[in-house]
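Take a look at this one; I'll ask things after.
Chain nomenclature is as follows: A, B, C and D, assigned in order of appearance, with residue numbering initiated at 1 for each chain independently.
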Amino acid sequence: MKLLTLLVDGIAYGMVLFVLASGLSVTLGLMNVINLAHGAFAMAGGYAAVVLMQKAGLPFIWTLPAAFVLTALAGAVLERLLYRPIYAKSHLDQVMFSIGLVFMAVAGIDYLMGSTQQFIQLPGWLQGRFDIAGVAVGRYRLFVIVLCGLLAFGLQWGFTRTRFGSRLRAAVDDARVARGLGIPVHALFAFTFALGSGLAGLGGVLGVELLGLDPSFPLKFMIYFLVVVTVGGTSTITGPFLAAMLLGIADVAGKYFIPQVGAFIIYALMVVLLLLRPDGLFARQRT
Amino acid sequence: MKKRTFLGLGGAALAAMLAIGGAQAQDAIKIGLILPMTGPFASTGKQISAAVNLYLQEKGATVAGRKIEVILKDDTGVADVTKRLAQELIVNDKVTAIAGFGLTPLALATAPLATQGKTPMVVMSAATGIIPDTSPYIVRTSQVVAQIVVPFAEWAAKNNIKNVMTLVSNYGPGIDVEKFFSEAFFAAGGKAENMRVPLQNPDFSPFLQRVADAKPEALLVFVPSGVGAQFMKQFVERGLDKSGIRLIATGDLTDDDILNGMGDVALGVVTAHHYSAAHDSPENKAFVAAFRKANNGLRPNFMAVSGYDGMHALVEGLKKTNGQGGEALVNAMKGLSWTSPRGPISIDPETRDIVQNVYIRKVERVGGELYNVEFATIPNVKNPARGK
Amino acid sequence: MLNDRIRARLAASRRWHPAEFVLWGLALAAVFLLPRQLLILNEIAILALFAISLDLILGYAGLVSLGHAAFLGVGAYAAGLLAIHVTADPLAGLAFGTLAAALAGLVTCPLVLKGNDLTRLMVTLGISMLLLELANSFGSITGGADGLQGITMAPLLGLFEFDLMGRTAYLYSLAVLFLLFLLARRIVHSPFGLSLRAIRDNPLRAAAAGVPATRRLTAVYTLAAAYAGAAGALLAQTTQFVSLDVLAFHRSADLMLVLIIGGAGYLYGGIIGALAFKILQDAIATVTPQYWQFWIGLLLVLFVLGGREILHGGVMALVRRGAALFSRRRKAP
Amino acid sequence: MNAVLETRGLVKRFGGITATDDVSFMLQRGARHALIGPNGAGKTTLVNLLTGVLAPTSGAVMLKGEDITRLPRAARVRRGLTRTFQISQLCASMTVLEMIAMVIAERLGRGADALRALDSDSRLIEGVAEIVTQFRLVDILDERIDRLAYGKRRQIEIAAAFATRPEVLLLDEPAAGVPEAERRELLDSIAALPADVSVLLIEHDMDIVFRFATRITVLVNGRVLAEGDPPAIAADSRVREAYLGEAAHG
């Protein structure tokens, strides 16, 4: 029973990682753009929720769509103004550019909101935990699992079953051919980027309770996003999803059973997985 | 070689020449303040620098007719940068003293410099026991880990806690907490089981599950102040607050800086520390009010009071030496005693470490805000780790 | 005749440009011109050496790394531990740190060579993070989070004390930087260096020309690790302290920035990048210790969005004018 | 028989697809041998198996009687087996001179020499001079390769392959995409290859095949369909059906 509780913990942790990283995975796969500033969108989402709750008195549950929409809009605007010119630049330039954005975001938030930890108050029905057949499950964790699970399912469905998804996949495979087929690749990119940013923002809100929120968030968690994306492979939904689950569960279980090596687990696991599957655990076979 | 090779050889060198260099006013007494102003420990830097400014504003910034000028530097939390900044302050800016030092390695890296440059060094945050021993020029106004946890262990033993599990972040201060608490608790007849968590650790659930398995009478926690909130929420989330396990901690967990944001989960947590913003004294009330006014409502925490007292020690010392630095200033600071916002404190003339009261507090709601309310005092605690 | 032309062409690529003399001349002259800034110059020299190390693998062999601090750290700890336990002689420590890092490079290389760029970034990052945790766990040897204390260095060559002004430190670091730069310059203009560029440009072609890529990449990775180790040893010796952050992620990330700012693949990128990055950071942080990151970030963004072209254009014109002056003067008498 | 390159029962499967199906053929010393087949016949896979880009599922590759099936690519090159690529594989950032020098240095076994300056090696310089003269590259020595016209790049592709002094040269569609005007020069340099070099030409263009080859192997669906001299192949009805027929349509 204890193990099931742990499993729930691990899955919830993994789910948040997935929502945070999924946008990065898609933009990387689709546009071949390395956007290390992805975490800044997550942070923006988190801070948006904090401000909305504290200053505008919005209930927690409404901050989720609000943060999603706000960061998606921010993503769309920034894509148009800043990111589009760098698509054609080298990866190293993209690294430099997006790190620059991270620095600006970190210092900017510090200036506006101060450098202390931020908090949100969960509504009563999300606090504490309840028993399901003898397994103690945190209410908030269950909420996160259900919400993120639905999101993952929806994304997967959208990616594989809709017209938008098939166009997206076509563009991922070969942007030039897709353009030739009359697919509006630019608009597709912009929409995907906004969606990815929105997801990051949503993940940022969900993560405040589990991961904390302060101005160094984008730098602190950049590594985790990259781990999920690399291990999961880019340009699919299921890859990062399973990778995030695996890492979340392994991290929690490892720390529980052998706490002495707690900090090693995630990195050791990543290195081993990448040596076994250099293109990511669930990458589609390339020929 | 290709043409782009030369895109800057001369240019960059020239820029180097121009960019470096500067001038300074002559007569001021300069004090270098080196703090982490960016990065994960930025809030430490903010609290201390704000308190230093407040002190100078309140108590006047002149000694012996000379203005006191504080030069603030961002150490970015990196040891070699800290050391370089200190060295530049000593060699170039000819500062009378250096102060700050947010983290133990930063203080330890700089200590040999203080000796070499005969420059007094006031440690305003780092809390590992050995720091003042590494240079005769170091004076500490923050706290020592053992100073807090040894009396705390004795208090716990006296208050019917017989077995404790410790949960500490796996780095210098955390390991100190584990060691000194366990030893003192054992000496007082208790039994402690130890567990360490990684410093970069967003999710405490597996560790808390182990705590739930072990069912100790109390759980002693030390995590760096920002992370405390996460810990506390997850502690309550798992229902551990209702499981009969008492949560006790050093004051870092319920840091005044963030305590109010934690919400009701923090209520009732018992901690030991040297400062609470709720400390009941006229000095503290004035300090808290002035600090909040100057900093947009921010509540001062134990870092702030260390910075405030650090400045006090320096200014009082300088008054005695008539603005002289060096060994004279260190000697002048030795044995100083005064009533700080945290209560009566003094600088131990022998160890140059702070002697202060340790308070046992409980989180309560006071006037709509959460505070650490002191309910027991262990007076005049020296660093008990000396000579061990 | 054709042979002579080919020889001349091949020689031209490694001929010294006047601007290079100016740069190194100024670096040396700084000891007298900027006596108050020797400490930061020492830090810049060390960072430049570290960046040259990354340039060797990234700029010449096309191997990306987000964990290069691993070797800086190994070099620093090796040099520090040698100073504490065996000998305080700086050169011995430098050699030991360099060798230790080279060994670490050789051992970890097979892990790094597998996979694509993204995998490589993360594997190198993973290795450096594991080393960091290892150093933290073995606190009894490394000093853990408190750092490695008690390093005192004997005078350099038995003659020059490390002084508070940083004069000896800077000259020492500058000398090591210069010598290792000369070696790197020689290596990149050798057949070996050419074969690395072939691997970077086009692995298929390199293989079709008979270049044993794995062996060459292993060699250059080990060499780069050695360079990083030397930088680490210098850092440990000139600051007489080693803390866990020598292995931290931000070192590797900053290093990447430094090299991208200066430009990869011509060795001077690391030096220029280190100068620009450190000086800007120091200058801005003096004005605003809290928010300097914002302005650095803004500069990076503008740099990518077109600032580079403008900057390069201006500097190139300056250098050209300088070179023209120089050669005119040479021809004049 | 004097086979310099030989495959024995070579099979390569990708998942469920068999790209190369039990291919056994021989390349004679000094031969001008063409390998033809329709798109998807498995020509590229076969070249990749011969040169070591891919490892076969089963079967063996023999070079001068030595089993090289498991040797890495570079080792095969050092043993005298070199290829060109269908799409030029050049070192874009190098000058023509640098790229040829790189190949020659490797041939001379100097590739691992990290301390010698390129210009101090007279054997290297002679080697470069020989190649650039033979392939008429003298005028463009200092041009960066990525700035050259397409036809020139094809020529460098062949020059670079030839600079390894191969005993066996695999030319993978050397004339693909080369405009008519530049084709002549390219074909001349192929025709000028020394007689002791054995050449396997993988080609689509029938003109070139019949002008150049003395022996032709036809690959269809991963299997050898027919082998013989050009007239025999031209007359083979199965070949017509499988290959020439298709070529006529497309």
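The working rule: contacts are C-beta pairs under 8 Å (C-beta built on N, C-alpha and C of every residue); 3 or more make two chains touch, one makes a residue touch a chain.
Every value quoted in this text rests on a predicted model; they were computed, and no experiment measured them.
Central chain (C-alpha centroid nearest the global protein C-alpha centroid): C. Of all chains, the one whose Cα centroid sits at the greatest distance from that of chain D is B. A count of C-beta contacts for the chain pairs C-D and A-B puts C-D on top.
A separation of 71 Å divides the Cα centre of chain B from that of chain D. Centre-to-centre spacing of chain C and chain D amounts to 41 Å, using the average Cα coordinate of each chain.
One inter-chain figure worth recording: chain B and chain C are separated by 35 Å, centre to centre, where each centre is the mean of the chain's CA atoms. Chain contacts: chain D has no residue touching two or more partner chains.
Each of the following residues of chain B touches two or more other chains: 38, 42, 46, 170, 198-199. Shared interface positions of chain A, defined as residues touching 2 or more other chains, are 106-107, 110, 263. Counting only pairs that meet the touch rule, the chains in contact are A-B, A-C, B-C, C-D. Every residue of chain B that touches chain A in the complex is listed here, in rising order: 38-40, 42-43, 46, 170, 195-203, 205-207, 209-210, 213, 226-227, 229-230, 233, 236-239, 257-258, 261-263, 298. Touching chain B in their complex are the following residues of chain C: 13-15, 17, 19-20, 22-23, 26-27, 30, 33-34, 36-37, 39-40, 42-43, 133, 136-137, 139, 144-147, 149, 152, 164-166, 235, 239-241, 243-246, 250, 262-263, 266, 268, 271-272, 275-276, 279-280, 282-283, 285-286, 289-290, 292-293, 312, 314-316, 318-319, 322-323.
Contact residues of chain D toward chain C in the complex are 51-53, 72-75, 77-78, 82-85, 89-94, 97-99, 101-103, 105-107, 110-119, 121-122, 124-126, 128-129, 132-133, 138, 141-142, 160-161, 163-164.
Every residue of chain C that touches chain A in the complex is listed here, in rising order: 111, 114-119, 121-123, 125-127, 129-130, 133, 136, 249-250, 253, 256-257, 260-261, 264, 290-294, 296-301, 303-306. On the chain A side of its complex with chain C, the touching residues are 28, 82, 85-86, 89, 91-97, 99-108, 110-111, 219, 223, 226-227, 229-231, 234, 263-264, 267-268, 270-271, 274-275, 278-280.
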